[in-house]
Each structure stands twice: as C-alpha cells, then as structure tokens.
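Please read through the structure below; I'll follow up with questions.
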Amino acid sequence: MQLTLEFGGGLELLCDSVKIHKVSVEPQNGAEMLTMKDLLTWVRTNLIKERPEMFMKGDTVRPGVLVLVNDCDWELSGQLNTTLEDKDVVVFISTLHGG
Amino acid sequence: ESGFGHDLTPEMIYRYSRHLLLPSFGVQGQSNLLKSSVLVVGAGGLGSPALLYLAACGVGRLGIVDNDVVELNNMHRQIIHTEEYIGRPKVKSAAAACRSINSTIKIVEHKEALRASNALEIMSQYDLVVDATDNAPSRYMISDCCVVLGKPLVSGAAVGLEGQLTVYNYNGGPCYRCLFPTPPPSTACQRCSDSGVLGVVPGVIGCLQALEAIKIASAVGEPLSGRMLLFDALSARIRIVKIRGRSLQCEVCSENASFSKEQFQEFDYEKFTQTPLSSSPLKLNL
Amino acid sequence: ESGFGHDLTPEMIYRYSRHLLLPSFGVQGQSNLLKSSVLVVGAGGLGSPALLYLAACGVGRLGIVDNDVVELNNMHRQIIHTEEYIGRPKVKSAAAACRSINSTIKIVEHKEALRASNALEIMSQYDLVVDATDNAPSRYMISDCCVVLGKPLVSGAAVGLEGQLTVYNYNGGPCYRCLFPTPPPSTACQRCSDSGVLGVVPGVIGCLQALEAIKIASAVGEPLSGRMLLFDALSARIRIVKIRGRSLQCEVCSENASFSKEQFQEFDYEKFTQTPLSSSPLKLNL
Amino acid sequence: MQLTLEFGGGLELLCDSVKIHKVSVEPQNGAEMLTMKDLLTWVRTNLIKERPEMFMKGDTVRPGVLVLVNDCDWELSGQLNTTLEDKDVVVFISTLHGG
C-alpha cells in the first residue's frame, strides 16, 4: 500500500535530510494488515541511514518522538497496534526544546 | 463608573478600541485581560514577541523571568532587545520595552533563573504561564509546577526551521509529562545555541503563544489544548494535529498521582533529563 | 577577505551566528540576505513585526513607506511604536526601532503615501515588496506595480480574528488581479479601523510575511506562491490551500496583457475600488 | 450527501455568525450529480440569512470571495461545474484588506 511518511524536528537528519517519503509497504509474513509495529521495522531497515538509536528504543520509537497517523496521535489509535490503510500519512516528529 | 456596565477608563477605551469593536471579544474580553496576570519564562526568541504582544494587548500584570544578559548573537531573533542593552540583563531590557509600549499595565521583573526551589513562589503569583525557555529540564519543571499549582501553560518551541506549539494543563487536558513521560536522550535535545535557528521562526511561534495566552486570559475562543501546531518554515507548511488527552498513568497530573509541592521542590530536573538548565556559550569558526 | 569564501565581517559572523549554523541557510543564505533590499508598505499592525524581523535578520537595505502618525489606538497591535512617538510619523518611529536593533543595515524612510504617481519610483529601488497596507485600492496598486516592475510581492491581511497570507507575482505565479479581477463591493471591505482587530492577529501574519520575504531574499525554501494561508485565531485553525495559477485572462500580468508603466501611473485605484486610499478616523461610544 | 461548509473573512456574518455548517444536500431535479452551481443555490436559500448580495452576484459568488473545494481553489476544478462528493469540505472566504 502507498503511504506518505514524514520526518520532522530533526529526525529527517537520520534519513538523508529528506522530510517526505512516498513509499510502498506491504503487510509482512502473509499477514492481512500492516500495523505500525510492522511499519517501524520497515522504516528502521529501509529509511534510517544513521544513528538508529535516535529513532527507536526497543520495539517502539525513542522517548520524545511523537507519532501521528493522519494528523492524530497514535496513542489514540492503539500505538504499535494501529493498523494502516492505503494513502495514510504517518508523521514522526521529535519534540523541540529550543527557543 | 462610566455607567456602561464596565470599568474601563476613557483612555483604555481609546487605547483598546480595536479590541472593543470586536463582537466576539469586546468589553468583556478586554476587562478579563486587564484583570489577568501572565508570567513569561524566558525573554529570548519566543519571549520577545510574546511579551510585546501581551504588554500591548493589556494584560493587567505581566511577569518576566530571565537570568541571562543580552548578547549580540541574540539580536537576529530577540527583537525586544536593543543594541544599547547588550551586556545588560534581558529582564531589564524586556521590561523597559514593554513599559515603553504600554505604561498603563504592571510589569514585574524576576531577574533570576527559574529553579525548582523558586518556581512555586514565582509562578503562584500568576494566572497562567508562557513557557518560552530553551531547554528540556525547564520544560518538565515548568509543566510540573503548573500541574501542582493548577495553572494553564502555553508551551512553544523553535529550533532550526521548525516550531511547535500547544497548551498544557488546561481544563482537564494533558500536561507535558502525559505526552513525554520519559525524557529524550540528551543528545536529541537540540538547542538554538548549538543548532541554529532562523530568527523569525521563534517570532511566529512566540506570537502564537501570545495569542493562546490572550484567549485563555480573556476567556474568548478555543485554546490549542489537546491539539499541537507543527510549523515547517522552509516549506511553509503548518499542521494542527490531535494529541492524546490526560494520561491515566501520568506520574504528575493523573488522579492517582500524588506529586506534592514538596516533591516538586526536591525533584532534580537536570538529573532527570541529563541536561543542564542553563546553556553553554557557542563557538563558531568560519 | 576572510579566506572562507564569503565576505561576512567578524561582527556579522557573531551577530548572525544562529543563521550561519543552519545547514539549509548558512553563509550563502545570509550573504544573499545582506545583499538584498526589501520595501515594506505600511508601518502598522502587519508592518510592525515584519519590519522588526527583517531588520533583525540582516536584510541589507530595508525601506519603509508610511504617511500616518502614531496614535494611542494603534498601540494595542503596532508593537514597533513606543508611546513617546505618539503624534509623530510612523515611518520615523519604525525606522528608529529598526536601527536600535540593527545599526549595521541601511534603513530608508519614505514619509509619503504610496500612490500610482510615486509607486514606480519608490518600488523600483527594491528587490521585493511586502504589502502591509490596510485597504483595497492600495492592494491593487501595489500588485499592479509589482507586475509592471517584475518584483515578487508578499501580501498579508488581517481583520477581526482572521488573517490571510500569500506571495504574488513570484516565478510565474499569479498576481492579485488573477485572483480578484473585479474589486469587491466597497461595503465588503472591512478595515481594522472600522471592524476591530485582535492585536496579535496581524502580529502572526506580519511575522509570516517577514518569513516569506526572508525566504525569497535569501533564495532558501519554498515561498507561499500558488498557495494561500488562512488563519482563524479564535479556533486556532490554519489552512494552507492551493490557489489558481497565473490567469490567461489577467488584464495586468497575462502574456496578452499590455499594462504599461504609463497606464499604471494613470490608473485611478480609488475609483476602481470605490474606496479611498487613506482611512478615516474612528468614533466609538461605549 | 454530507458536506461541511465553512464561511470566513466576514461571510459568516451572513449566516448567524456560524462558521462551520455540517449539512446534507442532495442533487436537484433528479440529477445524478451535485454541482457547485446547485450548492450555491442551496446555500443562498438555506443558510444566508441576510444581505444575500454580499454572498452572490448573478449565479456565482460576488467578487472578492474565494471558493475552496477540499482546500483547493474552485478555479482549478471547474468553478460552477465542479461536482461534489460525499464528505467534501467547501470553504467560502471573503478576501481581507485590513492590517
């Protein structure tokens, strides 16, 4: 399925400074649905070019990263269990502290 | 008494006439503003426009906390300070600028660094708080203090070419720790002083912080609580996203939490975030 | 010569260090800014933050056009002016404020109303124009003049609790007339002076105008051309929408149009919009 | 079909100062599609409470009003001939001149 992945707040530096990635990702291992857990694994393997520890910790994103599925915090849709649909937009953004 | 059901003086009516003309703001909104008090923590990139607009609009009492001095490398974004104040305390400079545009409101100078030891005493004097600081430990500390005191918090941040804005601890909404229960690794905390920032980016976010503070103080409009604004200056894109509500597991604001004033005062925010509260000077070789 | 492939002085390197640190802005972006010239038409609600941020960021030559004097009822939103300038020309007040935050750039005062008779001569001295005016005839006049001179135009507006922003005549994009070939009925043209405005709303839009001008002047990022930002302060909602491109039927900017400098100078913008170029004073009874 | 209609830039004053209207509008006179031309007529009849000349002129919107269908200028989708789909968002906004 076609997804738009966006990285912000400095996370784009981990993927060649490209903020917007139009990608095609299929469900893994014969599963019917693609979950955010699957997508994180895919992103870690296919998009993150350096310092993966700045993106993930264990099997989820590192502290300080907000994940938004279609402009909505993934905490509201089941976090790692959120299932994705064609044309969804997933944003990974690191919280900023500067001023 | 003017006999029109408000206590605005003729000078106030003239000064704030463009606010009074607004049907959805009007005399009631302005009266609320004039009776309100707002604390801005940080007179830097975010605090500059936030303070100017809060002073101009007629917040009754406006507090400024800052312990830094004005430096030449602040001037590209900290538009409240003039060159003649270089080397002098930011809080003095900012207070003078606020007074010069509105001599009719009360400006309070807190020339000290906000710390867990003095935050309760300072913040308790105000109705709401604007976080215009530049580091992670301050953000946790200010949010926790707002929860302990039951004050809404307008939180903005800007680094590089991006900015973020939301309102915490407002009307049952989430606090900073609901969103970020665990601090990020200290290597992930970019500062403007290390990473650079396009000056007008905190300008945009600071103005939006003033707007959210004005909406809360005047009780007009819908504050940005439970939502977060994400600003990307380079591509001119702005997203307003829905974020989680108050967390049942939050160690500070949830009903089950029992985070007391005493615990707050003893909490080591620098250790918690592995980041110092004050920033170090910059070396740049070109 | 510093020997590092740029001509920034050590003072500039220190002053603009946070810009130089930005990989996507850097020395090249700052050098472009320092070589650029920007004209801001109007030192009012939009012009105040736009001018401060353009001065702070290091635009090399910054022009200000305005013929009004500072009034007390401007102070709630026109944060560039201090009380001591009440009764004196806005252009003097704004220029003094810009100089006080950045004495190293050139500030040019045009103390006159912009009219079809002087616009070509004034606007031709600058690389790009920021429309921070408050009326319909000025908006048509400035856009037409930008088309005639081939200059990009950063256009902002704010009334009540709403704001709008776009970039016209940039890189083949539409001009103001492409969007609005026919002027609105004059009864539809609300002004801040008649309808009121929450002071921080032009603050947000003026900052965003400075940002767009900086992006164009530094040749960094994607200006808001062919798109329009719509800002609703009360509900904290921002939409960035796609607008039409250059119109083939545009009477001013299309390839078939032949709108000359002479025609521009003779065009009666007040008659065209049935609205005067300058605003009338306000009476408010509470 | 369900539509969201939004009014801004002062046009909301013509409809009881309400900015956002969630409405249900069906194609007219047995037609299969609902066009913007039909919608304007419907809005004029059902939502505009005063000064209709501030909203329309002839069979289209008055000069100075931008019409956006799903965040896109209706000039790009055929203006009055734009056909609408269920859940579309239509914005009518008057251009501002103040500052």
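Residue numbering begins at 1 within each chain, and the chains themselves are lettered A, B, C and D in the order written.
Note that a contact is a pair of C-beta atoms (placed from the backbone, for glycine too) under 8 Å apart; a residue touches a chain by one contact, two chains touch by 3 or more.
What you see is a predicted model, and the numbers here were worked out from it, not measured in a lab.
Chain B and chain D have centres, each the mean of its CA atoms, that are 39 Å apart. The mean-CA centres of chain B and chain C are about 27 angstrom from one another, to the nearest whole unit. Distance between chain centres (mean CA atoms), chain A to chain D: 37 Å. Shared contact sites, meaning residues of chain C that touch two or more other chains, fall at 160, 192, 195, 197, 235, 240.
The multi-chain contact residues of chain D, meaning those touching 2 or more other chains, do not exist; every residue touches at most one other chain.
Taken as a contact graph, with one node per protein chain and an edge wherever two chains touch, the assembly forms an open path, each chain linked only to its neighbours along a line. Of all possible chain pairs, the ones that touch are A-B, B-C, C-D.
Taken in their complex, chain D has these residues touching chain C: 8-10, 19, 53-54, 62-66, 68, 71-73, 75-76, 91, 93-99.
On the side of chain C, the complex with chain D involves touching residues 42, 44-47, 132-136, 139, 156-160, 162-164, 179-185, 187-192, 195, 197, 202, 205, 228, 230, 232, 235, 239-244. By the touch criterion given at the top, residues 2, 4, 6, 8, 11, 13-22, 24-25, 27, 49, 52-53, 56-58, 72-73, 75-79, 81-84, 100-103, 160-161, 192-201, 203-204, 207-208, 210-212, 214-215, 220-224, 227, 229, 233-238, 240, 282, 284, 286 of chain B touch chain C in their complex.
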